[in-house]
């Protein structure tokens, strides 16, 4: 079942190490099927190079395994929490990408310093509160931050990052651009700690412009 | 049409991720054909690994698509502006490579600290003003900086970098060397913020020497 | 003999450069066979890409070569010291991975700042004393640190890192996660030198939770 | 002629990008044939992936091309100067590897902070004076630094690094370990600028120990 979505989710999970966002088996991409409402996610603790579409797990919104022989990602409950609470979200990516995670450790929102991050995020990337142990607490923090800011990327305090989108690919793109922007901002800030972000009016203008012009 | 130039532009676009200059679909290389005056550029929002010579787009200097089925890069207007205003430019590369972009964020010209950057750039890499939203404003800033300094690389304020050259390959080389020099200077400056650049007399001597000695 | 274990040790040694933990021929992974007590380790000074299962060396706990035609790793004596003194250790990884080695140079234990390192390490990663020259002194320092802290990763002062585990794979995973956490903490600390680690109560809660939930 | 040495020099040149030491066409490895005294070096301005043993250039110690159809590396004169003046040198590597080049920019010798760099270098890596423009001035500075310190690695002020050895491979190994150690020391120093290097007595003890124990 959901063969096309399994194939896509598998491809986007494999794109995580290809884009330098994950090591070992950390990190995952999931997608929600608009028709059935089921969620496709990667299995737990499997190396990315060993993933195949057949190994993807299909779960319902309560976490019951609908299809697949392996145990789903340990982060499944976090993803499901967000899908249940945010009906506009159809793809989620979670990583510990190193530069963005550094911002999650210092516990500061990441302001917008470049036109690319303005175009993709539209406003400063929010930092969550530290989540209580357990997947539901993480899901609740992500949901709260997303609903308050509508920013597709969230820095999860002392943990890593979550990005959401209208598809698995869209959330993956946000995760890639987030790490890229975190990297450049890190370099800039360690050369000059007093740099000022772009003003919000300019950020909004860039965001509106690119949302209407990019891609095929 | 322009099969050889499409092949070259495709190869040089694929060289962007190979040299660590781009992630996702950001960044692009174009070239102007000296005979027809047409410009070959990459299509918008396509992954670098999926590019083929046949997918390259041919446009005229006003942006009309002459050949190709996809939408050209969202940055096409910036490239065309530079080609129209700078008759000596036959290749342009645009990236958000992370170390050079950090200098574009702090908003400082990047002085010459190494013989390699002296040989390739000849003087400090200029920083533009922040461009108004839209591709023509970007093209105008690049053109102004290039015409004022004749430096083949420009740091575009809070955005990324543009490099120009007498061919696509020449602009790509400048983009690679710019990121390499930005990386070493970043490391040096974060160890010792008071380092002094090479004096301009020495830089010019190195530039003149290598312009006449390198390559086959 | 020990064909399966040789294959595993070969694979995990090759995983060192794949995960960015080693350059040239530095670094090694070994495993102890639970039945015979013999240890399988990589040969000395061979490039990782040239390793094959047949080239792995089998030694007894006193260092006598039981099987294999090449000289075993120069670090063999350190590994054997730890195996002799720590009966719960069945895999050891040694690297000079750059971010973790930076902490070994500044000579400070690496506190826990992220949930991932809490889940894998359970407490701050200890820093050894500087070891006298020679492999036995290194083995003794690793053993002392491991027995005092039960942390599966040790920063070896002015040298690099050792990780231990119940298998070669488990020690390799600890080495990968150690470098990942060292990288993020380095970025965080150079942006804000006063960041505070997670409190130990929270770290222990995370550790206990993940030890029981992760993987297939 | 010198087919085996051409093959080796080609392989070790291709190892430069594989080990992250070079971008584009910068950097080169050469070797001197002990019998004929001829030097094999890479051609100028050719991409590393396009190098083949047949494209390597054989020159005599005065720079006359003995064999090969392409122009030799623009750095050939520097290499030859060192071979002429240092009869114990049979391999030379030159790169602009980014972390080591940062030390060449700040203009400080790189002290020994780790056992690995103690084992390979034996004492602090010297920094040259800035060389006058031209290849002979570079060769003279390298020679002076090597003869004064006997250290197989030299930081060339505001330029990059040269390493020498008893073979191409040995100089390449020194270049790899130099970049690795520069990286870790950079990270350590930007966390704690007051770290102290290992004392020379300990460094010498490590150097003597490893010169006699490593490899097959």
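Going by the order they are written in, the chains are A, B, C and D; count residues from 1 in each one.
What we mean here is this: a contact is a pair of C-beta atoms (placed from the backbone, for glycine too) under 8 Å apart; a residue touches a chain by one contact, two chains touch by 3 or more.
Listed by chain with UniProt protein names: A, B, C, D = L-ribulose-5-phosphate 4-epimerase.
All values reported here derive from a predicted model rather than from experimental measurement.
Contact with both chain C and chain D is made by no chain of the assembly.
Ranked by how far their CA centres sit from the centre of chain D, the chains are topped by A.
For the copy pair chain B and chain C, the superposing rotation over Cα atoms measures out at 180 degrees to the nearest 5.
Mean C-alpha positions place chain A and chain D at a centre distance of 43 Å. One inter-chain figure worth recording: chain B and chain D are separated by 30 Å, centre to centre, where each centre is the mean of the chain's CA atoms. Residues of chain D in contact with at least two other chains: 186, 190. The complete set of chain-chain contacts reads A-B, A-C, B-D, C-D. Contact residues on chain D toward chain C in their complex (touch as defined above): 19-20, 113-116, 173, 176-177, 179-180, 183-188, 190-192, 195, 198, 202, 205-206, 209-210, 213-216.
Within the complex formed with chain C, the chain A residues making contact are 23-24, 26, 43-46, 70-71, 74, 96, 98-99, 101-107, 130, 133-134, 158-160, 186, 189-190, 193.
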